[in-house]
Amino acid sequence: MSMEFLLAYRPLWAILISLVAAALIMLTGDKRPNLRETWTIVAAVGKMLIVFSMLPLVLAGGVIEIEPFKIARGVSLHLRADAAGMVFAVLASFLWVVTSFYSIGYMRKLQEEHQTGYFACFAVCLSATMGIAFAANLLTFFVFYEILTIATYPLVVHHRDQESIKAGRKYLAYTLIAGQLFLVGILWVQFLVGHGDFQPGGFLAGKASVGALQTIFLLMTLGTAVKAGVMPVHGWLPSAMVAPTPVSALLHAVAVVKAGAFGIVRIVGYVFGPQLLAQLGVAQILAWFAAFTIIVSSLIAMAQDNLKKRLAFSTIGQLSYVVLGAALLTPLGIMGGIFHIVAHAVMKITLFFCAGAIFATTQLTRVSELNGIGREMPYTMGAFTVGAVGITGLPFIVGFISKWNLALGSLQGGQGVYVGVLLLSSLLSAAYFLPIVYAAFFKKSEPQVAKHHCGEANKMMLIPLLITAAVSIVLGVFPNAGGGLYDLAAMSAQSIVSGQFMVGGW
Amino acid sequence: MRELFTEHLIYWLILFLFMLGPYGMIFKKNLVKKLMSMNIMQVAVILFFLALGQKTGGTIPINLPGLIGAEHYINPLPHTLMLTAIVVSLATLGVSLGLLLTVQKRYGTLEEDELLRRMNQ
Amino acid sequence: MKFVRAGALLVVVVMTVVLFIGAGALPAIYNPQSPASTHVSDRYIEKSVEETGSLNFVTAVLADYRGYDTLGETTVIFTAGLAAVVLLRSAQKADSRGKKVPLAKAGKGMSERFGTIVLNTAARFVIPFVTLYGVYVLVGGGEGNPGGGFQSGAVLAIAIIISRLVYGEGAAFNISGDLALILAGIGTFIYAFVGVLTLLWGGNFLEYGIAPFLMSAAEKHSLGISGIEIGVTLCVMATIIAIFDALARKEEVS
Amino acid sequence: MITDKLLLTFLIALIVIIFLMLFRVLKGPTVFDRLNGLGVIGTDTIVVLILLGFLEKRVNMYVDIAISYGILGFISLVVIAKYFEGKGDVKP
Amino acid sequence: MLVQGGISMIAKKNLAREAQLKQLIVLPLALFIFWIILTGSFTTKSLIIGLMAALIVSRLCSPILYLPAAHTPGKSYAAFDLPYLKLFFYLFWLLGELIKANIQVALIVLNPKMPISPQVVTFKKPLDHPVAQTLLAKSIILTPGTITMDVGDDIYTIHALTKDAALSLAPLEGEGEMPVRVGRLFNE
Amino acid sequence: MTIVALVLLFSGFFFIVVAALGVIRFPDFYTRLHAAGKGDTLGIALFVLGLAVYNGFNFVSLKLLLIVLFVFLANPIGGHVLSRAAFRSGLKPWTKKGE
Amino acid sequence: MKEQLPALIVIVPLLIALLSPLVAYFSTRLLRGLGLTAAAVSFVSAVGALGHALTKGPWHYYFGNWAPPWGIEYVIDPLSGLMAVLVSFLSLVVLIYTDSFLREEGWLKQGIHYALYLLLTAGLLGMTVTGDVFNLYVFLEISSLSAYGLIASGGYKATVSAFRYVLVGTVGASFYLLGVGYLYAITGSLNMADLTVRLQPLLDSQAVLIAMVLILVGMGIKMALFPLHGWLPDAYTYSPPAAIPFIAGVMTKVMAYVLLRYFFFIFGVLNGFVPLVLEVVGWIAALGIILASVMAIAQSDFRRMLAFSSVAQVGYIGLGLSLGNMFGFIGAVFHIINHAIMKCCLFLVAGGVKWKTGEHLIEKYAEMSRRMPLTMGAFLLGAFSMVGIPPTAGFFSKWYLILGAIEKDLWIYVVVIILSSLLNAIYFFRVIEQAYLKKAPVAEREKFVEDKKPELPATMLVPIVVLGACILVVGILNEPLVSNILLMAFPGGGL
Amino acid sequence: MPGAFFLGFLVFLMAVTGLSALFARDLLASIIMFSAFSYFAVLTYLTMGAPDVAFTEAVVGVVSTTFFIVALRRMKRGSSK
């Protein structure tokens, strides 16, 4: 175990550390909760350190690439920390740390059952997310993708009641079917090309007939779009909101759905490549679907009374930004898409944290019951406001940057109509978020809220949400702060569409 | 016609006998009958193998002093194989009769329909 | 239901027709030039006397060239005995399970006497001769007569079965089902042990010629053949008795 | 004088007789009739066996089987007799 | 363990010594002759095996070779202790009867009218030696027009094909020829 | 010798045929048993004896005699056992009408 | 003794089996030790033989030193060696597990059970390593008869199903034997290698076609290929838990191996009528996969569900066989391995649950995850593997099968495989939901909360956990297996 | 080729007995028929020149008849079809 070996295999360690943690958590069990939570924290911090330690190298334009062993005939377990992957990895590992603290606070406050399984599955999910981020070929990607699917299932059905079981079934039905379709696409590619290694700019050009490629694209996007919650196949996501809020926060706002969106980016950018897709003409369709999703989900979100449901539909809409960015096939669009993964994650996790904090302290879930809550929990609702405003796309909050780039990207591709879509979406999101903010601060308190006089949520929950709110503001001003994520997004977009880059941007 | 008769009629008869097995297995409702049809099938296979070993001008494959040469004896290999097959058939018969007795003891019948009815009660 | 039956009948008929047509492609029966009669068998016929010392080619092939098959065959018989007995035991009452009954008294089958004095008396005269005939079949198998271990074992078993049918248990040859099973195992083991001996002497399994005796190869082979035939006899005899015992056993179940 | 042809004739005639007996076995009407027919078939088979041996010119091989048949016929008898002990049904 | 005496062992004690001895010699001898006929060879190996087999088999079978007497309680006979010479002559007589019987049956069978009048008769003949009973029953089957239907408690139930046959075996008075002959055979 | 053999063979065969005919023709089980029990036994004995004579004096002939012996021993007993079983099972003998 | 390894694979379990009634009479403990030793020796020899086959090429072992085609030979090539290792490994594992079920029984029952079990092992091993088609039949019968005995010892319902199995199995064996007869008629040989050579000019003959069909039907019955599977569900459902894991895991797989051996090695997949026959096999298998999966969903008994799932999974192997290309071959063989391990594991779990709670109905599985966490963990892995979730083993066999199907442009098979894994997911997640999410009735709950005993005795738990781990390990490390062994095993392989 | 005819006739007899064994209503009759089937099998084997097989079949036939009848003692004799 030389140092070089340790360093060279950092992506693998980043994946394994939380797996080991999961095993330790299972072994520790319910008897010693403190030790158990220690494992979670240690793994989270360790993972973040490992991922961040790779940042300088990647920022300098390098990649860390390893093939520890082969997982199938002719296919290795191929891990590569490249720019796009690093964006996702940094984001997820950072947010896991935050979420870990938050979950501990949340779970203990609500005295939930099955905490051991919960934390273990959480750790496995993060491993899978890391794997997805670092996967350098389709099979590796798929393996982690399916692990993620399965590991999320226990979290969805965490409450063990009828509703959550039903939601779990729905979730599995969607994701497993999607996974199988994705698998067929992967196998087809495997058969056509003999490998599935991601290459910036794609590797499928000229390998098969147009019809075959179109079908492959259809299969693959269908496979990933389900996770990404693109509109006709989004049904699982609102149902899955029965899970505990930290799960919704990290997984349904960051890990799982972003894995789907990230998958679309990988497919568009690294499997097919914009040029090929432009020839095939299928990216357009994807873009239409994305645009449709953006608008319709916002409309539906307005009708939701349950706060988490509303957030879920908001998530559906926002995720389609990423899909749209990828489907635009322009460098700025792609870059905006990738960066929107970061932006949306930070903002949405803040929102979910707030929702969770409100629920944990007051047991309230409905929007209509939240009148005056801002006066009881000013910090929480303050953070909520930051997130909500950010989602509407106000400058100086991170959401704006990605939207700006997306808009530029659509102009770059000569598809101005999407700018309109973006604007409309901003308005709509303002329409479903701002009333909450308004009611929380200015409306007369609901009796329940007043009665509770609960005050702020406990520290374990409050601090994480404040951190994420702060991060979304910082990134909104200095998009490169912390990890240089903006540069990374730019680099990956550049690698995908080499040569015609950097016309505008922030 | 004569060629047909001498060359393939026996095969046909044997194969007819062979197919009695599946027939009885499907259409006979009594388990003992099923067992018998199974046995008939095994005998048919034995006949088939023995028919393969036939040889004009061959005598039984036991050394006759002074008679040397492969062309004078019937092929002993199928006989050997079929000895094994017969033994197997006996073994199967013993086991299945034991099974039948146990079934009879428990359910009091060996008719398939009746048995199924009683099993499901 | 009727539909299913009709379908099954159709399948059977179609298979019959297919087999009939397929039989046309077989070599004509009685053809001395058919592959089956020319390819492998010639060596058995021409060489077996000098190579194995057996005048009966079938025995030569059975016990020597393809002796391993016969080990399998004997094992099949033994397995059948095991299976038949286990059925009986699994249906037995739970409380009588753990007990160890002396082997000689374990079987309590058809104990009532046989009514016909005629048959009863005649059987006494027949049994010794049948038994001796069984021994003859065993010995004769190696010496150019049809017969061998299996037939001998069956004849011996039949002798014992008659004595049991006629006199009930406790008269002669009282081999209970349990003991029979053990004996069957030992019989097959004798067969296999001949093979193991050849292994220990450094040859392949059942390579009789490797035996370190001062004999010609043919004699060694015929010695080996006799050895395994004895094993087969014991196994077959014991197994048939065991199965018979299992079938004829009086109800002693819950 | 006694040629193969004669023996063959006997053989075929015996087979025909066996066939006739088979008719009895098939027809019954009682089980005992069937058994009787079967016994006749069994004894006739012994003769057929020996005749086959003569035709094959290897009678010493076939005689053993014939002897065993003689012996074994007896066994079937004992067993069947055992079966009928105390069984009182004569239905056809 | 393998071979067990059981009831016959007790019977053996009540047996005359010379009968035992006779049996001890006759049975292995008979077996040995049987062996020689079967193998048809006089090589040393074959003879030795035969002798040993004969001895072993006769030893193994000894428990079943003692027949309990029908009437004398506790008495038993050795199965192979038979009046062989008388038996030999009896058999010749029986053969004659057999041929007669067959011709009679043949005539009946070949007669298109089939002149039969079957009937069942019984007669009593107390015989102590089981072999005698067996022999009588068998002889009845082989003789003209009669078959033994049942033997039990000295009563012989006979099915006769014709009335004559029935009368020949069980005349209205006295005994038929055959039971008498068999009885004489065994000195009863 | 050949003549003796032929006579034995043919007479044996005659009895066998008669027995078979009897088994076919007789009206009931017991009467059939008459045919089978006697005719077959003698027929086969004679026939095999004839074959033994034809074969000449050697061990095979002795074996053939052994077969004859066995048939003699077993066949009548068979008849007896069957008739006894039938009788005990209550099978009524056939009688001529009017008797 | 080194050069006798191929013989030892089969002979050692056979010898111990023959003596086990005797040994059991004196000491059942000694019997246990001997049985385990025999299985272990067999396993070690199989591994050794496989190593030899991989490094130095196929190993031909002549029984009685008679050269084939006159004598019988054992051929250890990578494929048969691999199968031998698999069979002997599972046999060893299940034998350890069996012990707890037998302790209470009398000596005879124990002796017979060990004897039958070891005979089953020996029979299956003999089938895998033999190079002679008739010897294969003999060992087929040994294994079948011992399986009948083992299944029948499970009580009254088991006897009925065992009887049906006897009938159907014997028909299968007869069909196989008749097929061998046809082959023998036109070639005059029984040795596989010799047959291969001598069949080459004859492959267009009708007799070969008939032989093929007969062997296919025979082995199809034995391996429960779809329309011929009628015996399987009952037999698996009612047989005793001590034996069924091995039977269910290995038996049908060895039969499938035989078919692979015939079609890939003896007939050759591209010759004569073979493609035609294989196409039919493929369609039937595809139909079987779907229908059996649907049937499995309808079951309420856990073992019965597993039984139907077995039928479906055998269809996968049939599909791989029918593809006839390299990926199909790899997929089929790999699925043989996987399915053997995972079905064995799942039946071990079923037996463990039965041992603990006496229940087999799925609805009684509520909160089983708390009562027996490790067991249910193994069950999870098995279930995931059945569904085909990476990185468990089942995923990779599907991977190769679909690759093979795509290569042959048979998209319908792809659809079938995908659909079937979704159906698998339905019935397995039903059990998972029951075991992990449903609450047990209060009365029962109190009972098991009080219960301080370990979930299962170590002799049962260890095999379960080992097999569960195996599923994962085989899945993750499938590439070495495929590249180093399966590709070597592919006829004309080593690509 | 009288041998072929003879053989054919014997196999035909086997088929007849086999069929009647299957179609007899009385199980005992069925077993008797089966026994006859075994006799013919022996004859056929011998005609085909396989004394060893015939010998075995003779023995097996008797043993299996024995088994059948012993088993039949515990069964109902009637059979529907």
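Couple of notes before you dig in:
Letters A, B, C, D, E, F, G and H mark the chains as written, and numbering starts fresh at 1 in each.
Everything below uses one rule, namely that a contact is a pair of C-beta atoms (placed from the backbone, for glycine too) under 8 Å apart; a residue touches a chain by one contact, two chains touch by 3 or more.
Every value quoted in this text rests on a predicted model; they were computed, and no experiment measured them.
By the document's definition of touch, common neighbours of subunit B and subunit G comprise C. Ranked by how close its C-alpha mean sits to the mean of all protein C-alpha atoms, the top chain is G. With chains reduced to the mean position of their C-alpha atoms, the one farthest from subunit C is A.
The chain pair with more C-beta contacts between its two chains, of A-G and C-H, is A-G. Distance from the subunit B centre to the subunit D centre is 20 Å, each centre being the mean of its Cα atoms. Between subunit A and subunit D the centroid-to-centroid distance comes to 88 Å (mean Cα coordinates, whole Å).
Averaging Cα coordinates per chain places subunit F and subunit G 57 Å apart. With centres taken as mean Cα positions, subunit H sits 77 Å from subunit A. Residue positions 6, 10, 16, 18, 22, 27, 51-54, 58-62, 77-79, 81, 83-84, 87-88, 90-92, 94-95, 97-102, 105-106 of subunit B are each in touch with at least two other chains. Multi-chain contact residues of subunit F, defined as those touching 2 or more other chains: 19, 33, 41, 59-60, 63, 66, 73-74, 77, 79-81, 83-84, 86, 88.
Counting only residues that touch two or more partner chains, subunit E has 34, 38, 40, 137-138, 148, 151.
Every residue of subunit C that touches subunit E in the complex is listed here, in rising order: 103-104, 115-118, 120-122, 124-125, 127-129, 131-133, 135-136, 139-140, 163, 167, 170-175, 179.
The residues of subunit G lying in touch with subunit C in their complex are 1, 4, 7, 11, 14-15, 17-22, 25, 61-66, 69-72, 104-109, 111-113, 115-116, 119, 122, 126, 134-135, 138-139, 141-142, 145-146, 148-149, 152-156, 159, 182, 184-190, 198, 205-207, 209-210, 213.
Interface residues of subunit C, counted against subunit B in their complex, comprise 5, 8-9, 12, 15-16, 19-20, 23-24, 26, 28-32, 34, 36-37, 40-42, 44-46, 49, 55-58, 60-62, 66, 69-70, 72-73, 76-77, 79-81, 83-84, 87-88, 91, 144-146, 150, 236, 239-240, 243, 246-247, 251, 253. Per the touch definition, subunit A reaches subunit G in the complex via residues 69-73, 75, 139, 142-143, 146-147, 149-150, 154, 157, 160, 165, 168-169, 172, 176-177, 180-181, 183-184, 187-188, 190-191.
Contacts from subunit B toward subunit G in the complex involve residues 18, 21-22, 25, 31, 34-35, 38, 41-42, 44-45, 48-49, 52, 77-78, 81, 84-85, 88, 91-92, 95-96, 98-100, 102-103, 106-107, 115, 119.
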